[in-house]
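Here it is: the structure, laid out below.
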Amino acid sequence: MQVQSFISIAQQFKAVFLDSYGVLKNYNGLIEGVQHTIDILRSKKVTIRILTNDASRSQLQQAESFYSLGLHNIHESEIITSGMMAKQFLEQKIRDGKIAYLGTENSAHYILQSGLEHIPVSDVDLKRLDDISAFVFLDDEGFDWNTDINKTVNLLRHKNLPVIVANSDKFYPVSKNDVAVATGGIAKLVENMLNKKFIHFGKPDSQMFMYAYDQLSTIGNYGKQEILMVGDTLHTDILGGNKFGVKTTLVLSGNTSAEDAELQINATGIIPDYVCESIIS
Amino acid sequence: MQVQSFISIAQQFKAVFLDSYGVLKNYNGLIEGVQHTIDILRSKKVTIRILTNDASRSQLQQAESFYSLGLHNIHESEIITSGMMAKQFLEQKIRDGKIAYLGTENSAHYILQSGLEHIPVSDVDLKRLDDISAFVFLDDEGFDWNTDINKTVNLLRHKNLPVIVANSDKFYPVSKNDVAVATGGIAKLVENMLNKKFIHFGKPDSQMFMYAYDQLSTIGNYGKQEILMVGDTLHTDILGGNKFGVKTTLVLSGNTSAEDAELQINATGIIPDYVCESIIS
Amino acid sequence: MQVQSFISIAQQFKAVFLDSYGVLKNYNGLIEGVQHTIDILRSKKVTIRILTNDASRSQLQQAESFYSLGLHNIHESEIITSGMMAKQFLEQKIRDGKIAYLGTENSAHYILQSGLEHIPVSDVDLKRLDDISAFVFLDDEGFDWNTDINKTVNLLRHKNLPVIVANSDKFYPVSKNDVAVATGGIAKLVENMLNKKFIHFGKPDSQMFMYAYDQLSTIGNYGKQEILMVGDTLHTDILGGNKFGVKTTLVLSGNTSAEDAELQINATGIIPDYVCESIIS
Amino acid sequence: MQVQSFISIAQQFKAVFLDSYGVLKNYNGLIEGVQHTIDILRSKKVTIRILTNDASRSQLQQAESFYSLGLHNIHESEIITSGMMAKQFLEQKIRDGKIAYLGTENSAHYILQSGLEHIPVSDVDLKRLDDISAFVFLDDEGFDWNTDINKTVNLLRHKNLPVIVANSDKFYPVSKNDVAVATGGIAKLVENMLNKKFIHFGKPDSQMFMYAYDQLSTIGNYGKQEILMVGDTLHTDILGGNKFGVKTTLVLSGNTSAEDAELQINATGIIPDYVCESIIS
């Protein structure tokens, strides 16, 4: 496994898709040097998109968060979230009724603004489910795990609904050594209880790649060979990029450590085109 | 699928193994008529054992609970719990250090009285794991789900330990229509996060059957053909009994409803020798 | 579950995506009446695309096969196969070496014509794997199952390669009552042996939908709401269509029988927008 | 991970349970030095039992095979196979009809000599399944994989039967570097096609341990603490031994190599009490 310089690789591409967590930022805030790399890419006219499995905040909120962390030139339109994909699905497929959810009021406000009413699972009356038309796993916060996960299990046992998981990540890092169970992990628990598979959004699925790619086609002519996907996780960023048909770079600044990378690549058979320490050099 | 009379079947056996929940009791308390059936079996000299996937209470506590519900002649020695199997395992395999757990203080007191210290996960210092020698999932109560499940995930990421699931049931009924996530469901979530398989105790595994069978051999001569396992759940009670080699009866008074039974039997290929409405007639 | 007339539904859409097996044809040949429906859709200016999980034949071969079965006006360009997606992936990601495969010579010829050499697994020398750069599961025919599946397992144990499954279907019907294990089923066996996940192509993944959708955009302006996906299998056609965001119709002329449909919809939570007996009325 | 001398450990136990493949023999024949170790254990009055996931040969055939390989003092009664467990199950649970099977005539003759007729799947008439009462996966040889695996899938789709997997191992070694798909691997393929779980026999399940333990109790007084299970595979030998409550030794002379051992122990959480190079020193 050869570890290469990111900046020299990235310059060869017309567009770079970047994962957010583990690539641009980590539990400490912005990864030092990231602004510099972004600036170089901008100066080389490399188009940038950020593809993040996150359904807790809107594009604007995410851009503001980057700004407050010190990354100053990311425009909200450059950010594509798994939440946007879930939102799109709900708008296209759910036509009436209320959408029940597990997550924060903020995530619900952002994802479920489709003209349909939304209701946190804690407010649902299990005896009156007639008007509930879909269920969405939005976030791991904003509810009582014990009470509301159990209530979700029972809601979904009582009524057959389309169930959407707006971010299929199982966990996210909260410090150098520790993680927390994410929305996708909670959804998996409920899937396991019900013996069902829900509709998951987010990498490695193709939707976010497709969305970004379609968007690029409105501003220029980009072949898949001219796009580089960069991420810290083999089975989301790299598998998704490989499958979509773009080139892929694994960075070692997040979920996958330098010691583990070769082992994991061999174990999973998910092979990035490049491996880089981080995006900062 | 022929539904038969339990009492006439059970009399043909020298011993009957009964699941507790869904067979003897339900969310309402004792199933009406159960005392009468037990009395008939006693009068016919049928040996009774209760095999329950439960790690929250000792044999004595379980016997007292039956008594307080109105079932008066169950002796604590007739009750075999998955918790006892976990306890036995820990006594035989874990020789020093502290056993960390997720569950109630009562369940810990009962299961972990092996001379070793035990410590709830909430009191564990993730930075000082040297003396933690095993981890046990005991109960779905007695802790804060959000905080302590996340802490458990991190504890088990930081240190490789034998992990025991003292009751592998995924859920248990709390009312006519509703269930709650049980210890086994929470353990599954953590297994899924870590991509590991823990050591599970409880039906369908053979240990409880084996324990009951060994016990019978001390009081008489029982062939496996002379033993009937009775339960309300195909993939625990019936699969376990089938695999252990005893005859099996599915009752429709618990997890498996009359409408679902045939479908589930066909879907799973787990075929009970008999199907009865309940044990009361 | 309301069963509706396909023709009256389909006319409301600008484009209809049709699965092949179970919708247009079955083990007997063409489903009677299918030509008539296609003619009506053509006369109503509904654009037609056929999306099939098949990697054994080229678009032209598939069009010729429809012709020989009696369906006369399907143009090869209207057919999108999972094999095309695999082909595209290989062209974009594999740059040198030989591609080893399990399948027929015909499927290899079609899928692997990317300038790279291809070699059936039976001809691979397990001691000289240096120049093998990828592995593809193409078809369930064209090789000796015992010898060549075992050889595939060992090849993939000896060398870490990108592994592509060109058709992820587990089985296909061979008569009214019988099925045969398909490429995806064989790939699953090998995945299970190696404890790895390969890169699967075909519905329910978004690529074929995306490809068809992109193609439509070159001939007109089609919103996702104006597209109807029609298939006989919930977890490929309907799940894929739902996730891509188009409307979906389950037909009962193939894998899913009228008796099973409601049960399976409830069991899986994959809910089609419409259910029709078949596409012929 | 401390690698210890097997002989000095084994002498501390009253009984030693040995896996066969990877412990006593390998693809080359008998592992050199094994006879010497057995002789030492005999001289120290350590009781020996061989626990093997094998359903292809009877105890006598296995003992003869050890003899012909040069291991001269293993008595057939000291050998316990997963096939014996399957045989016992069939005798106790299947009372009439014919038992269909996938495997060699020899394995069928040995396992299915229960007074019931047995029939290879190739001879079954799929249109006349009335008298088929059970199905057994016996061996990976003795049939045409393509034809007969497909026929098995269809047989089990047409009729709901108890299905027994007499050896749940997924693969077995055929040379230093190569393996072959075993009965359990083929059964997994069929389970995956049908979305069902069959009844599996063999380690890590407790039955073989229990059988050996019960047998010991007829010749002396053996506590579980006085028994050592020795094997080369974490998730069968060591998990099974741990769960049954005996001490466990992982040897590095078979499936688990010295380089992989620590990694696999950490990855699986299946922790042997001892690790030894092999049993020969």
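All chains are identified by letter, namely A, B, C and D, in their written order; residue positions are counted from 1 within each chain.
The criterion applied here is as follows: a residue touches a chain if its C-beta (ideal position, glycine included) is under 8 Å from a C-beta of that chain, and two chains touch if they have at least 3 such contacts.
Values in this document were obtained by computation on a predicted structure and should not be read as measured data.
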item: Target chain D, source chain B, minimum contact steps; value: 1
item: Maximum centroid distance from chain B, chain identifier (CA atoms); value: C
item: Distance from the mean Cα position of chain D to that of chain A, given in whole angstrom; value: 44
item: Centroid spacing, where centroids are CA-atom means, of chain C and chain D in whole angstrom; value: 39
item: Centroid distance [mean C-alpha coordinates] between chain C and chain A, Å; value: 28
item: Multi-partner residues of chain D (at least 2 other chains); value: none
item: Complete list of chain pairs which touch one another; value: A-B, A-C, B-D, C-D
item: Of all residues in chain B, those that touch chain A in their complex; value: 126, 144-146, 149-150, 153-154, 157-158, 170-171, 177-181, 185-186, 188-189, 192-193
item: Contact footprint of chain A on chain C as seen in their complex; value: 88-89, 92-93, 156, 160-163, 195-199, 205-207, 210, 224-225, 235, 239, 242-246, 265-269, 271, 273
